[in-house]
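Both complexes below contain chain A, partnered by chain B and then by chain C.
What follows is the complex of A and B.
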C-alpha cells in the first residue's frame, strides 16, 4: 500500500470510527485491539530481574511519555512480581484492559490491570499452571489477542526442554481452553510441507491476517538453548543444530495447520501490514540474517521467500525485533550483536532496500514505534544469559525522534543505574482508552 | 491420552532418522510390542531388576533397600517431578531424557536452573545400578545418596536445602499414600533416596547383539565387520583393558579413573582458544565467528580437573571414570564434556593416541588403525545397543511429568 492509500484509509476510518481511528499507537499489535487516540502516554517495560541488583525480581516498569509532563522520560512505577522468570514478551487482551506477560523459564503468566490506573498497573492475576493446563508446552512467549481469547505461543516442552511445542489458548478470564501442537515430520496434523520443509514442531511468534483467515507461526528453539549461556551455546555443536527452520500457515478460525514453509535459521518476529490489499507478512531469521516475505501469490496460494540480507549474514548480526510502520512503507530491524538498527524501505515488499542505519548501543533488542512513526523506542535485553557480559551489557530504554532522515535522541534511561534490571518488551498505554 | 500421543519427543527409533539424527540407526524395538501383561508396570520393572539379563550381572540391591513395586512407583514419580527444583523447571528427567538414552543428545554439557551452566555431559543412567562409583569424577558411591547434590547444586536444581524439598513432599497429599505404601512412613531424605535408587535399578537392559553372540551362543548375531571389530576391541586397540568384558557378563568398564589426555587437552583449548568459532546457523550452513564476538556473550568457561575435584590429589588431575559402553551408540555426544559428536570422533581420538601429556595413561598410544579397522570397531560399538531401550522409555513415560 502506498502512503497516499494509507492516508485515505486512515481518513475514512476516522470518519467511520473504525479500527484505524487512532493516529498515535504502536504498530504491529493484534488487529482486534482498539488503538490509542493521541500521543502514547506510557510505555510498560517488561523487565528481567538481575540477581544482586535491587530486589532481584522481574518487574513491570512504567515510564511516563506524556508531552509536557514533569515526569516525562522517567520511571513512574515499578511493580515487582516475585522471582526471576525470564520475563520476555507481553501482549494486551483484545479489549486492551489487561496486559499479559510471560516468563519463559518458570512458565508463569502475569496478567496486569492497565485500565484502572494506566499510570500504575497492578497485578490482576497470575497463572501458575500453564504447563499442567496445556499438558506439556513450556515457555509462554507471544500473547496475541483474539476476541475473548488469548493465543499464546510456547517455545519448548516438559519432556526434554527441546523445541517441540504448541499454541495454547486461554480465555480472557485466564481459563485454559485448548492446546494446538505444532506439526512435526512424524505428525503433520493435516499440514502440507512446502519446498522440502521438515516440520520441526518449533514455535515462536504468532500473527494473523483476519480477512484472509491466515495465521502464521514461526520457530525458535527450546528451553535448553534459550536459557543457556549464549557463548557456550555458540560453541556447542549439538545445541546449534536445534533451531527452528519453519514458518507454519494455519487456518485462523479452525486452528488447523495448512502449510509448513522452509525458512532456515530461526525465523522470529512476524508482522502483517495494515493495508487493505496487502496480503503478505515479513519475518526475519535470527541466525541466517535474512528478511523473509510470506505472501499470497496470484493463484491465491501462500509462499515464502527470502527478499533481503540484513547486515553481513556471515558475521551473524542476529536480527531480533522488527517494527513495521503503520503505512507499511518502512520496517525497522534491530540486530542484537552489533547493536544496530536498520531501516528498510519495504514499499515494494518483494524488493526491500536498506535506507538507513544507526548503532544504538553495544546491544539492542526491542523496537517499538508510535503510530505516526515519529517516535522510536529501543530496549536492550534479549535473554538473561544471551545478553552481553561486562561493560557491553548495557541495559536501557532509549527514545528517539525520527525526522524522516535520521534518529534524533530524545531521552534515555539506564536500567542498571536505576537498579531495575534488563529492559525487554515495550507496550504503550494511555488513559484515553478508558475514559469513555 | 496414551503415552505416545502425548510425547513431544519422538521415540529413539524415530529420532534417529530425523534431520538432526545424532548417529547411525541402531537396533531398536517396536514400542507397540513392549510387555504389557501380568500386573502393573512397576511390578514388571521389579521383576526386571531382580532377574539376570543376558550379558549383565545380577543387579546388586543394597541390603537395607530391597526393591518393591511401591518404591519403584514412588521413585519414578520423583524422577520426573519438575517441582523438585526451586522454580519448578528441572527434574532428573530433564537432563536424563528417556527417549535420548536417558542422557541428552541435544547438549554437550547440561543446563540447570535459570540456564546455569554445568560443565559436564549428562551420562546415561541406564545400567547405573551396576556401578560402584557414580558421576564422571566418582564423587558418590550410591544411588541412595547421589541425588542430594543435584537437588541443591546451584547450577542444577538449585534448592536452598534438602530440608525444603522434604518439607514440600510432606505437604503434598499426592505423595502421602505413595510414601506410606513404600515405607509405611512419611517423606524423608533417606526414603527419597531409597525410592530413587530402587527405580533407577530397574533401568537395566542387556541382550544386545553382542550379548547374544558372546554369551548366548548365537553365532549369527554379529556381522563379519562387528566380529572383526570385537577382535580389535580386545587386542590391537586394547579398549577392553579399561572397558572390561568378563566371562559371565560385561559392563564395559573397570570402574577406575584414568587420564587419557583428553581432559588435559580440553584444558589447553580452554586456556588458548582458537581465534574463531565455527557456528552452525542452519542445516548445512556454517560461519566462522571471531572469538571476540563469542567472548562478548560468554561467561568464563570453567576448568575441569576431573577426579582431582573429589580427592584433591594432584595425581588425579584430569582423570575420569571409565564410562560403560553399553548402548553407547544411543548416547551422543561423547566424553565428559560432550565435545566429540559421534563414535567415529572418539575412535579417531584414541587412534591418534591422545595429546602428548606427561600424566597420560601409557595405554593411550597411537593405535595405527586403518580405515576398515575403524569401520569395524565402530560397527562393534553399534552392536552394544540393547533392543529394550524404547520399552524402557515408554515405561518411564507411563505418566506425564509433574508440574506446578
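What follows is the complex of A and C.
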C-alpha cells in the first residue's frame, strides 16, 4: 500500500485530533516543539534570589497574560526552589510539558511541570549531578529540546573553570545520555577551521535548522568570569582575554563538529529563521557589538560574516538577547549597558538596517515576542555580579505592544518592589497546548 | 551481507535509474540502504555515511503485553529481542496528514523498498503499536494489517508487527517507557499526540527518537545500517 492508498483510507476515517501542534519568544524556540501561535496565557520568569529580599531564593515566577483576566499583568504564582544557584536560562522539553531551568553556579537543573496546571508550575525533579554525569562540564546554560531528549550547552569546566566546555544530552526523564566536548585547536574532532579560526572550545547557545541538518553553537566565557564582579573583570586584562571568539557548525544528526568560524567578541544568542528557503542564522557579539550572519552560500557551504553594527561598538553597549519575528523580517536586539532595544529590518539578511530604538530602562537583558509580533516583553537581569549597582539595578518585567512603528507600554512589574529578585529568562505558557 | 546488499542496490539503481535518481541532487552515499529512497522536499541534506558516527544509548525500551492481529498475547520485549526495530505509535482513526498517516506512509515506503535488500529481513523489523486500544481492537488492527499479512512478497521484505493492547492499563507502561505523549479528552475521537518513532537495537535499547522534521526514511535507514555495522552484521 503506497501513500495514495493510505491517504484514501485515512480520509475515509477522518476524525478530529492529531499531533500536538502550533496553536509564539515564542518565535525562537526549538523547532521540534509545539508553538503558541495564538495569545500567550502566562509568562514564566526564571528569577535570581537576592540575599535579604523576600525569601532570598531563586524562583519560577508566573505572570498572568490572559486577555480579560482579572489578574492580567499580575504575579499569580511564585515557586521558590530552596537557595540561590545563579539562575539563568530555561527551556521546554520537546513535548512542552516540562520547563528545564539551570543554575550557572551550583550546576543544578530544575525541571518544572508546566502542563498539569499551566498557571501553577510545580517542581517535578532536580538534577544535582550534572558535572559528575557529564564528566566535567560546568554551568548548564541553554536548554534546547530534541525529540525525547534535552540538549544542554555548558559554559565552563570543573578543571580550570575557564571557557572550555561541552554539549550535554539528557533524556526527557532527566537521565544523562552523552557529552559532546567542543572542538579545540588541540582536538578539532574532525572539524575544519575556516579562515584561520582558532577553536577555543567555548560554549553558550545552541540552535538547529533541521531541514539542513545543521546545528550551530556560540561561545561566551567560563565560570571564573561570569561569577566575577563585572567592574573587576573589566579591569582585569587577563580575564578579558578569556572570552569566546567562535561559532561552530555541527552535523545535527551525528553531533559531529564540521566547521569552526572566527567570530570575535563573544557571540551569544543564535536564531534561525522559519522561512522554508531561509538558510541562515543570526548571532550578536557581546564585546564587539556586531550582528553576524551565518549563512549557506551558493555552493552549499556555510559561511560567517559581520553584517551590521549594533549601536556604537566603541561604547561597548553589550548586545545580549535577540528575538527574530516569526515572519523573519525583523529582529529585536537588546543592549544591556545602555538599556536600549533596537529593531532591525532583516528582510535582506545580508544588509540589516536599524529602523527603531527605545530605552527600556537603566539595564535590559531578555526580550521575548508573541508569535504575531504584537506583544513584546523585556526583563532586566544579566548575571548577579554583572547587573548594575544602586539605583541603576532596576529589576522588572515590562510588557509593550508593537503597533508597527513604536513600542507602547502595556504593564510593568517591579521585581524588587515585589521582593522577588532579579528577573531573567522568560518562556510563555498556555493551557491550549495540552487540551485535546 | 554488506556485499550482497550493495550488489542488489547496484542492480536496482542501474536498471531503474534508481529511486535516488528521481532527484537531480545526490542524496545518499553510494551503496547505502538509504539510497533506496528519494530525497524529500523537506530534507535538504545528504545523510551521513552509515557507520561514520555512533548513536547514543538513550534508554532501555520498556516491556509490556501486546496483542497481535490474531489476538495472541505477546511480550513486547520478546518481539523486539534480536532485531533492529523501528517502533512507532499510531491510532487508526488519525486523520492529521502530519500525524499517523505520515508515519504509516513512511513505514510502508520502508516496508515495500526492503524487498530490494532482502537480507534485511533477518535483521530489521517494523513495530507499530496503537495508542487507542478502545477502538483499535484486535479485529481493527487485523483489518489494517491486511495488506501486510496477505502480501505475497512478504517473505522478501522486513517483518512488520501491527499491535494493540488489551486496554489503557496495559498500554500505559509502554507509552510511559518510550515517552510517547498522548493527550486524551472527554471526546474519545480526539487524541492529541506528538509524532514519534523510535529506533531500538537488538538488545532492546532505544538508540534514536524521531519527531516531526525527522521522519525521513533515508535518515532512519542510515541509522539502521549504522547499528548493523556496529553489531558486526555488516
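Operating definition for what follows: the second predicted complex is superposed on the first by the 410 of 436 C-alpha atoms of A that agree within 3 Å, B and C clash if a C-alpha of one lies under 4 Å from a C-alpha of the other, contacts with A are read in each partner's own complex, and residues count from 1 in each chain.
In this text, a contact is a pair of C-beta atoms (placed from the backbone, for glycine too) under 8 Å apart; a residue touches a chain by one contact, two chains touch by 3 or more.
Just so it is clear, the structure is predicted and the values come from calculations on it, not from any experiment.
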Query raised in the report: On chain A, which partner touches more residues: chain B or chain C?
Result: B
Query raised in the report: Which partner does A:241 contact after superposing on A: first (chain B), second (chain C), both, neither?
Result: first
Query raised in the report: Taking the superposition as given, does A:147 touch the first partner, chain B, the second, chain C, both, or neither?
Result: second
Report task. Report for A:295: first if it touches chain B alone, second if chain C alone, otherwise both or neither. Result -> neither
Report task. In the overlay, answer first, second, both or neither for which of chain B and chain C A:434 touches. Result -> second
Query raised in the report: Of the partners chain B and chain C, which touch A:258 in the superposed model: first, second, both, neither?
Result: neither
Requested in this report: Please work out whether A:88 is in contact with chain B alone, chain C alone, both, or neither, and reply first, second, both or neither.
Outcome: neither
Query raised in the report: Is A:35 in contact with chain B, with chain C, with both, or with neither (first, second, both, neither)?
Result: neither
Report task. Return first, second, both or neither, reflecting whether A:213 touches chain B, chain C, both chains, or no partner chain. Result -> second
Query raised in the report: So, does A:173 touch the first partner chain B, the second partner chain C, both, or neither?
Result: second
Requested in this report: Using the touch definition up top, name the residues of chain A that touch chain B in the complex.
Outcome: 83-86, 105-107, 128-129, 131-132, 135-136, 157-162, 164-165, 181, 184-186, 198, 201, 222-224, 226-232, 234-243, 245, 264-265, 285, 287-288, 313-316, 337, 384-390, 392
**Report entry** In the complex, chain B residues that touch chain A
**Finding:** 1, 6-10, 14, 18-20, 22, 82, 87-89, 94, 97, 99-100, 104-109, 111, 114-115, 117, 277, 279-283, 285, 287, 289, 293-299, 301, 332-333, 338, 341, 397, 400-401, 403-404
Query raised in the report: So in the complex, which bits of chain C are touching chain A?
Result: 42-45, 47-48, 52-53, 56-59, 92-101, 104-105, 108-109, 112, 147, 179, 181, 183-185, 187, 189-196, 198, 206, 209-214, 219
**Report entry** chain C contact footprint on chain A (complex, rising order)
**Finding:** 1-3, 5-7, 10-11, 13-21, 31-32, 34, 94-95, 97, 146-149, 169, 171-173, 175, 177-178, 210-214, 251, 253-256, 434-436
